[in-house]
Amino acid sequence: MSIYLPIGPQHPVHPEAVQLKLKVEGEEVVDADVDVSFVHRGIEKVLETKTYVQGLFLAERICGICNVAHTTCYAINVERLAGVEVPRRALHLRLVVEELARMHSHMLWLSLLAHVIGFDSLFMLAQRDRELVLDLMEEITGGRVITSYNVIGGVRRNVDAALAQKIISTLDGLRKRVLEYKRLLGEDAILRARTEDVGYLSSSKAVELSAVGPVARASGVPYDVRECDPYLIHDEVPFNVVVYNTCDVWGRAMVRIDEVLESIEMIRYALERLPEGDVRAKVPLLIKPPPGESVARVEAPRGELIHYVRSDGSEKPVRYKVRTPTLANLAALVEMLKTGRKDRPVYVADVPVIFASIDPCICCAARVLLIDEKRGSVKEVGMDEVVRGE
Amino acid sequence: MSGIEEPVSEEEVLQRLKEALGEALLDARIAGKRRVFVTVDREHYRTAVVALKEMGFDFLSAVTGVDAGDRFEVIAHVGRRVSVAVKALVPKDDARIASIVDVYPAAFFYEREAWEMLGIHFEGHPKLERTFLPESWPPGVYPLRKEYRQGSERG
Amino acid sequence: MAISLELLKNLLRRRATIMYPDERRALPESSRGRLVFVRDLCVGCGLCWRACPSAAIEPIKDEKGLRPVFYIDKCTFCYLCVEVCPRKAIKGSSEQASVVSDKSELVVK
Amino acid sequence: MLEPLLRFVQALAYLLYTLLLALLLEWFDRKLIAKFQNRVGPHYTGPAGILQPLADVLKLLSKESVVPEGTDRLMFTLSPLLAFTIICTATAFVPLLGYRGLVSLEGDVILVLALLTLYLLVIYTAGASSSSRFSLIGATRAALMLLGFEIPLMLSCLSVAASLGSFRISEIAAKAQPRLLGIHALGFLVYLVAAQAELDRQPFDIPEAETEIVSGWLVEYSGWRLAIFRLSKDIELVLLTGLAVALFIGGGPNVPLQGFELAIATPVFLIKQLLVVFILSLIRASFGRLRIDQFIGVGWRALIPASFLYLVIAALVA
């Protein structure tokens, strides 16, 4: 007897609205599908109506946690279109903030993994230590999560020597804690029992389904945009692409923990070699890039993020396309939910762990949709009108 | 699986695409570091993508649909080191193009998105169904088309 | 059991929780908070409400002429208006509390 | 004429004490876990938040208790009441006052263990009678869990009883002493692990598993029904920690008290109980959740052999 078990759109494992449609026999999953149609926000359409400068702040809100990746990607695209030269100091600072964002994203992910398997102590401690990164972010950029730091032509604020020193010393303290979590991932029996061999995605499947980010790297695919397509100063900063071959959730956790450690070193390197100069090129408020198109790719904490922009010479883009890493990993997720490893089936208890392991972020684009039942017409209403109750 | 076995030089990619497609290649250019843009007509879109796959590109970044005013464009972004954008031109009154899901299974969700947002029909796609828009969305209304206007668009 | 020692050590550590609102974290000066508007400096050029990405600034007319009004409930604290203002009439502050019982307190005049 | 009345008042007073103890232990557990995790925990209601569990129960009692469509209404209502009754009855045999409980019978260890099994049966009916898929899965898991921990729980209790030569809990409590813990360490350990499973606490909170099946068999309960289940679970904690103290660490101090039992033996027993809660809380805070198949594996590969080994040890020292 198989029963249909819908997980979501409201479920404690994930605050975002997404539905996993599972077919379950006893404790085993026999079939799976995913439905993400609950939260489409139409950001791509709205971006066509905003100027290039305004669009940056909307692109930032595509995803709260990886907002730095989105603004980096957006800014690079517009800078390439408009031919803006970014000062080198700004590139260093972009890298610093991007890696800080990666750190807090990965630590958030670790705590969520702990939460999913009911390990609340690790959840609390990882959240506690993540605060250190957020405090740094606030001091550098002015915002704890939404940074509004990258702008077209550079970054907004400078980092002086005292702050740079503070960042380095805080991260040194954090490093010890992160190493503690790494030890925990290696030693804690239950943590390992719940994550090893769970969410199996073979290397060949990871390539076939074009998985990105830690999901791909834990399956032995050494794909990291920072290494393949250096977009800031990644060709100067030494770092390792972390690859594990375990193909399971445990590997994904290890990839992320190791990346946090790599990030600390990258930030230190960039801050110690901060070149002198401006942090922002002069850019007019109304940018009118020449007609053309551009593709920018950024390694967001969740994986490869790709933005495509098309300009027709006006102050607004003709088309702005965003492909978020979660979308790229969705196909891999369905595959992981459906097939276990060899003779080991996927259990219901594994589903939240597998789902969490891709670090899902179902947000895509923001408009409120109102449907007028009486007239049967569809009218989209901007947030501003809804707020005022019109 | 070790390393990434893809062509690393833009010129090489361009050269080999020219060999594979010949006259069908309407436009081809290198746009900056690690960026190659090629344009084909819709009959040769699949051929170009297959040629890339045979060249060693095993990674598909995204499939973008664009409403370019008088026509649609479907762009497949392929490649890890060199990002190759294969652009196919699709007439508006006959918005159909061959699916590449069998070449790159990752195109599954991307083509569904382009179909939903722009109404471009991908022939051969195994499951062209609603994914992103709500169930109550009226069929035949494609929000990313230029003629679709928003209620509160500001000047 | 690998975490137990750490947990026992926590018995001796001070709590990490900040008991808001009795205790408040000292915000760094760089923190982006509520906007401050200086009427005397404003010349009503209109750059701010044209720049605002979230339509949180509206122009009104007072006895001295055109001037902006800021709706903090819609503001995303991007500070684009602070940047574009040619007279530095709009300033940032690190004041965060946007929880109010009267919505009119969220309008900066 | 007066005798039955007196007994009734006694029973009522004992029930009240059990309830107070239940709320106290829940608060202690919550506060302790918060401290382990560098948090504050309950702090708002009463000094250091000690009244928070009471406030929670009162809040639930004041709320609507929804009965979802398609539910077996009778079983849905009866289950919490049955669970509460069973667990209170079992508690009456445990000498929570340090020197005595409410009642005492020859062989009441066995009776208490039987009642505990019955309690789990009620949990199964509670989950199975509500019309949710999640509660059904939770109920099935609760029943499966029984396979893993019931034998060790019983064996550890009965072995210690046999080695001390009595099956009456209050008599065992008088004979058991902390210094005997050296011999009974294995039994104590097995008991604690099994008790943790009986209580649905990490690493064995499998039937409730918030992030997997929302809250398992409890998911459809609300209002007073949920309040009664919550109270029953707290009393279960009192029962199992009380039993641990009585069987393994001994009740009150082994000196003649002459009329000061209530003033000395009861606090001593309470302190020992808090110590056991401390251990259980540390275990709860230290682990994530096992999968059901892994738990059964642990049960049969480790817990049951260990409990048999303990049986042999207990038989040798008796």
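Lettered A, B, C and D in written order, each chain numbered from 1.
We adopt the following convention: contacts are C-beta pairs under 8 Å (C-beta built on N, C-alpha and C of every residue); 3 or more make two chains touch, one makes a residue touch a chain.
Small disclaimer: the values here were computed from a predicted structure and weren't measured.
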Inset, instruction - Report the pair of chains linked by the most C-beta pairs in contact. - result: A-B
Inset, instruction - Find the geometric centre of each of chain C and chain D from their Cα atoms only, then give the gap between the two centres in Å, rounded to an integer. - result: 51
Legend entry - Euclidean distance of C-alpha centroids - chain A vs chain B, Å: 23
Inset, instruction - Please work out the Cα centroid separation of chain B and chain D, and write it as a whole number of Å. - result: 62
Inset, instruction - For chain A, jot down the residues that touch at least 2 other chains. - result: 121-122, 125, 128, 188, 191, 382, 384
Inset, instruction - Name the residues of chain B that each touch 2 or more other chains. - result: 154
Inset, instruction - For chain D, jot down the residues that touch at least 2 other chains. - result: 36-39, 285-287
Legend entry - Pairwise touch network: line, ring, star, complete, or other: other
Legend entry - Which pairs of chains touch, using the document's own definition: A-B, A-C, A-D, C-D
Inset, instruction - Could you pull out which chain C residues touch chain D in their complex? - result: 1-4, 7-8, 10-11, 13, 15-17, 19
Legend entry - Contacting residues of chain A [partner chain D, same complex]: 3-5, 11-13, 26-27, 114-122, 124-125, 128, 188, 190-191, 193-194, 347-352
Legend entry - Of chain A, residues touching chain B in the complex: 35-38, 40, 42, 44-46, 49, 80, 203-204, 207-210, 219-223, 228-229, 292-295, 297, 304, 306, 308, 310, 318-319, 321, 323, 327-328, 330-331, 364, 367, 369, 371, 378-382, 384-385
Inset, instruction - Using the touch definition up top, name the residues of chain A that touch chain C in the complex. - result: 50, 53-58, 60-61, 121-122, 125, 128, 131, 138-143, 146, 148, 156-157, 180, 183-184, 187-189, 191, 285, 382-384, 387
Legend entry - chain A partner contacts - residues on chain D that touch it in the complex: 33, 36-39, 133, 137, 140, 202-203, 205-206, 209-214, 285-294
